[in-house]
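Across the two complexes that follow, subunit A remains constant while its partner is subunit B and subsequently subunit C.
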Partner chain A sequence: MKNYYKDLRDKAANPIIKYTRNPLFGYVILALVLVVIQLLFMFTDGIISLTISKAIVQTMIYTIVCLGLSILIGRAGLTSLGTAGFMGLGAYIAGNILKFANLPFIFVVIGTAAAAVILGVVVGFISLRVQGRALLIITLALSEILIELFKTPNEFTGGASGFTGVPFPKLMMFIQLNRETTYFLVLVALFIMIVLTLNIIKSPTGRAMLTMASSPPAAQAMGINLLKYRILAFVIATVYAMIGGALYVAYVQGASPYSWTLLLSLNVLVAVVLGGVGSIPGVIMGSFVIFGLDLAVLKNIAFFQKYTSASVIFSGLLIIIIIIKYPGGLARLLRDINVGVKKLYVKWRVYRYGQEA
Partner chain B sequence: MGRKLKFITRFWIRKRDKAYEKLVFNEKYASVIEAQIDAATEKKLNKLQYKAKKRLYPLEIAATPNAVKHKELQERAMTQFKEKQVMPRRAIQQTYLRKSKRIGEQAAGVYRDRKLAKLDRAIEGYQAALDAKYPMENTTEPTRETVERYAKAQREEDAALAAFSREREIKRNQRLTAVQEKIEKENVHLQRVFDKYQSLLEDADADEPERVASDVILNIRDMHMQFEGVKAVDGLTLDVKKGEIFGLIGPNGAGKTTLFNCITQFHRPTAGKVYYRDRFDNVVNMTEYSVHDVVKTGIARTFQNVELVWYLTVLENLMVGAHTFFASNLFDQFVHTRRLKDEEEVTKAQALEVLEQLGLLEYKDVWPGGLPYGILKRIELARTLMTRPRMIILDEPAAGLNDKETEDLADIIKKIRDEYACTIFLVEHDMNLVMSVCDRVCAISFGKRLAVDTPEKIQENRLVQEAYLGEVEEA
Partner chain C sequence: MQSIIQIFFSNLYLVAAMALTTMGIALTFKTARSVNFAQAITATAGVYTAAAVVAKTGASPWIALFIGIGVCFLIGLFFDAVIIRHTSSTAVGRIMVTLGLIIIVTALIPIVFGMIPYEYFRYFSGNVDFTLFGMAFTVTKNSLFSISVAAVVIGGIFSALYFTKWGLGIRATASNKNVAAMMGINTHRMTALSWAISSACGGLGAILYASQTSIVDVGMLGSVQISSLLSFVLGGDLTFYGPVIGSVIIPIIRSGAALISGVWSPVILYVIILLVILVRPQGLFGKSARKKV
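For the complex of A and B:
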């Protein structure tokens, strides 16, 4: 009797289908899992250690940075090795705003982003007519200049010994965050950044950048100003990197110039390539493998605790295997798994029930 | 206009183009809004109908005579039960096939019969249970009260649905009139802005019409293009008339593509002028425009090799063509505001229209990689149509196509000329295409003009024959 009116219902209105088909569904689930992990850390004893919590925050911050670089590489077809310098600049700007003015975090973000726009335009203009390797060298040089500036003794960066004493950020003027709650701030920031990235990819700008990368003459014939979108791509990447830096300084409560090295830029680049350029799930997985795997997983296994260098070797081997197996990145792996599972299901159906009539 | 575009004219052009783009956007906006409202109404109506049926169902059950009701319920339940057995039956059949290979047909047959008999027994058992639950004998008639109550409830639900539809209709009309009024009001303003800057621009180039005849859309004057000693185009002068299909032919290396690149400013001509009558009948000198602004004057072009974006679907590729018509700023694009969504909808509607015109609707959601070459060429053509062109420049449209595809292409080119009121300027090696579609043909050789004439006369032209076949005659 109950089934009588069930078949009246439109299948597309089925809430399960409706929500699972939403592009944000996967990210919401991921965010919920991360919230649960932090809640377990806060309210239970010892299930989740502080190391894991820290590792997750670190991965989330670098994911934001990687998202920016992913737009630059995957959409606009440009490359950059200046990420560390930009991230460091964001960290010092945000750190100084927090330390001396102690403004709510939203103002810190706005201030950092404004600085990032200026820097991005400058970088875009400097690297106007170069491509590929030359572009890598120019951005690397810019980054090194910035890092050298951080190291020179002054009251804003603390010189070579570093910059300390940054308070945890305040939310809306009166909510003072602490180490546990800053985790959620980073999580929300990551989520917002993912939504923004999804939006910009599915908009005229995203399409214009993709056209610019795949066929410059066609882009020009369609009225796309290459210069403008090139600079815009750099601005976006820089803003993401500097916001990542701001979150870093808010969580770590300080910054050392030795955190912003070429190695960091390379790691970010590897994370993007490993994950699959231009793919957001890929970027998340890539930055997890590069930044989170060691701290969150390997440090908790007895073997790796005993032989610390084994974890580096393990990560290196993993990266080599992934790159050999999946030159298109981990996003490709995700798709392959998806396709593989579907194929397996079809195969099973044929085995069990025979060919469809 | 002067030799260089002055700052002020640039400003006027920008203002005028913005007004024009908004006017174009408004053309489709009302119909898109209408479709949106209708879709929402239908969704809501379906939901309400479903709910009404759900509410009415118990009453309906109570109001139907038991004989009818029980029969229907029994049938429904039985169909559902049988449907559930379809897959197990297929599984048994499949297992039978597998087993017959392993243990012989007879033994497998025993297994199958046993299993099927079990299912048949289940059906019988279920039928008995149904008979007990919904007996067909000694049934009672429903009371008059319940029947009346059902009829009344039905009337009420119908009335509610009708009232909802009426209300929605009124709201829809109100919303549409509001939108239309807003658009009209806006259009008046935009038209005024457009006219103002248009007249300013017309005044600015008052002396130009004397130089370019009124039926000429493109006027190339004494153009030279030199690449470090190689003269690709050497003193070429050409007129393309409005609304014609103009062909450019010549042996390899005659400078045809270079000429196109010079018109669309991919190369800056070394000397000479390219006058062009833009969308608004102003004569402009193309050499004063930068490459990405050329499309705003109404010149769209295709390329020798297909230059599509392989990571975008066909529909999105077409939407790239409408890039200059988007007025949304970066904030709109990052947050996906109403404005951007509306613009995307309008562009999508336009793109679908173009796809339908060119018979590409079935490919709208696929990635272009792997599609046949003829289709790719057509998609590129469709993308140029998204730019609202006044003149389309086709660089070897038939290269790599087979005869059938070339014939289709010829039809499409004519269709585009007629329906979109475009002038078409094409370079082609395929003489069949040139002879079948072109109104006039220009033959060039080593950057110099040989002849401009109708296709038939060009074929007979002595100079052209020599340029193509000169060496053959000598041999």
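For the complex of A and C:
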């Protein structure tokens, strides 16, 4: 036992271990890798193709959306199928601000988030009345209302033919971004969102939500205000979804009402469940499998280039197999691999040096 | 008033398709405890089969109707026996699995049937004109055929549910799976059968729908599915008949909304449904359940 505490003291003093133990360490490394990939794409010829860059941006945007839903499902125990409609609304609001006012991106985000707070409060109040499947279908109906509004001919959304001609965003009034540099904007946004999510999960708010998820009556008895935290959970989810939509419109430079469908909402839900509910690395992996794998990896393999539908079937099979075999999601798989490797290492030590005293 | 009723009569084929689809969703939900989002795409596969049989072999559409329903029945059986049965017990997990099925079947349809959209045929051509309460209406014969087939099939399923041994087994499984298994009911067979029958119901509804609209493509049932899910919640998931009645109410509201404004009718419909569910979260025919701590 004495040795154990001595070990801990040594580890705390060791600067390398001190930094690697920081919860943000992995995300910083991931961000650096992503920066290097984009720099390789910009300054070399052909090592990284445009498809991969696009796939990474797509994954990053949907990761933000999925993080919001992950807090909603994993922390607050509520489900929503309204993601597509919310994301679409965010895209149109941001698109209009960019197109007609061309303000710096920070103002676009503030405007979108303000609208998201209003929408989130409305959905939060609804969630007090209905639960479970009914909530799933109600949020679906809300999203369908929004989508029908997008499709009706008007100036705000461009009707069924879509909304085009959005300029790339400006940073700080004078730095004009282009397609390559918007990648970094999305990356920074994702990083901020991850830090925010980590803080929400660790805060008293996150813990109160977790209590509410396991038993609402018990949480109420402990003095947790259900109304406040339900509304807060929905506000967080809609803000994340609408900021995702804003980044989408900034990168794609337009939006069509036909991209916001029930299938998109279901895909976001699948990405969260597939990755592992409530786990940030899981959500990143899940959204990569759903939104990035096809473009980034499978399109480069000769077999899948020949049979394009095969890649879609592959991802469908992957979803089914992972959910049947690993109900805990990819995050659970990662932990199992980690534990397995550690066990192997211990076995190897025993084999090499003999049993420790 | 005359035009509202006329719009409703023109949408009679939609009522038939929605009632059958909702019946299927209610059946799988009650026995297997999962909302089957893959219902629409299974039905689309059935329509494709029927259309391809007519186009490739020149067989009569009546034979194609039964082949299409049979294919849907087999797909439903396959889904349950091979995939759904082995899924963990969480409800969200099973919904996710049906989504995986949607992705796979959507990708398989162009491979099996080719990229060209098919056409479907009306089983009866011509209209029926009649007067009701001194107002003149017109209905296509095909719509009348669809609604009567739907009524017969749904009536048949209900009488089977309440008057046969099989129906007793289904209701027992729906009420409590574990107790039903202890009482000697083969719950695996019951769930598999209810999946198969609900898929076949969806397939029949989709073929009737396609016979009126004559378009066969992958996204043909998108709006029908959303309306069916809504009518499922609107009617309440406690009974078998609630969702079916809900699926009749929704087209009535829709035809009323279409009179106010053609463009805004879907929005008005969804807002009305939203308000109704907010007032009665358990659905029109449901009882509110109290939860013990």
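Criterion: the second predicted complex is superposed on the first by the 346 of 357 C-alpha atoms of A that agree within 3 Å, B and C clash if a C-alpha of one lies under 4 Å from a C-alpha of the other, contacts with A are read in each partner's own complex, and residues count from 1 in each chain.
One rule holds in what follows: contacts are C-beta pairs under 8 Å (C-beta built on N, C-alpha and C of every residue); 3 or more make two chains touch, one makes a residue touch a chain.
Values in this document were obtained by computation on a predicted structure and should not be read as measured data.
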Which of subunit B and subunit C A:V270 touches, first, second, both or neither: second
First, second, both or neither for A:I319, with subunit B first and subunit C second: second
Which superposed partner A:I118 touches (first subunit B, second subunit C, both, neither): neither
Touched partner set for A:T152, first subunit B, second subunit C, both or neither: second
First, second, both or neither for A:S203, with subunit B first and subunit C second: first
Subunit B versus subunit C as contact partner of A:L226, first or second or both or neither: first
Partner chain in contact with A:A218 - subunit B first, subunit C second, else both or neither: both
Which superposed partner A:I17 touches (first subunit B, second subunit C, both, neither): neither
Common interface positions of subunit A, toward subunit B and toward subunit C: 215, 217-218
Contact set on subunit A toward subunit C in their complex: 73, 79, 126, 129-131, 133-134, 136-138, 140-142, 144-145, 148-149, 152-153, 215, 217-218, 261-263, 266-267, 269-270, 273-274, 309-310, 312-313, 315-317, 319-320, 323-324, 327
Residues of subunit C touching subunit A in the complex: 35, 37, 83, 86-88, 90-93, 95-97, 99-104, 106-108, 110-111, 222, 225-226, 229-230, 232-233, 237, 263-264, 266-267, 270-271, 273-274, 277-278, 281-283, 291, 293
Subunit A-facing residues of subunit B, complex: 43, 46-47, 49-50, 53-54, 57, 61, 73, 76, 80, 87, 90-91, 93-94, 97, 264, 266, 291-296, 300-301, 303, 307-312, 316, 319-321, 323-324, 326, 328, 330, 333-336, 340, 344, 383, 387
Contacting residues of subunit A [partner subunit B, same complex]: 1, 3-5, 8-10, 13, 196, 199-200, 202-208, 210-211, 214-215, 217-226, 232, 278, 351-354
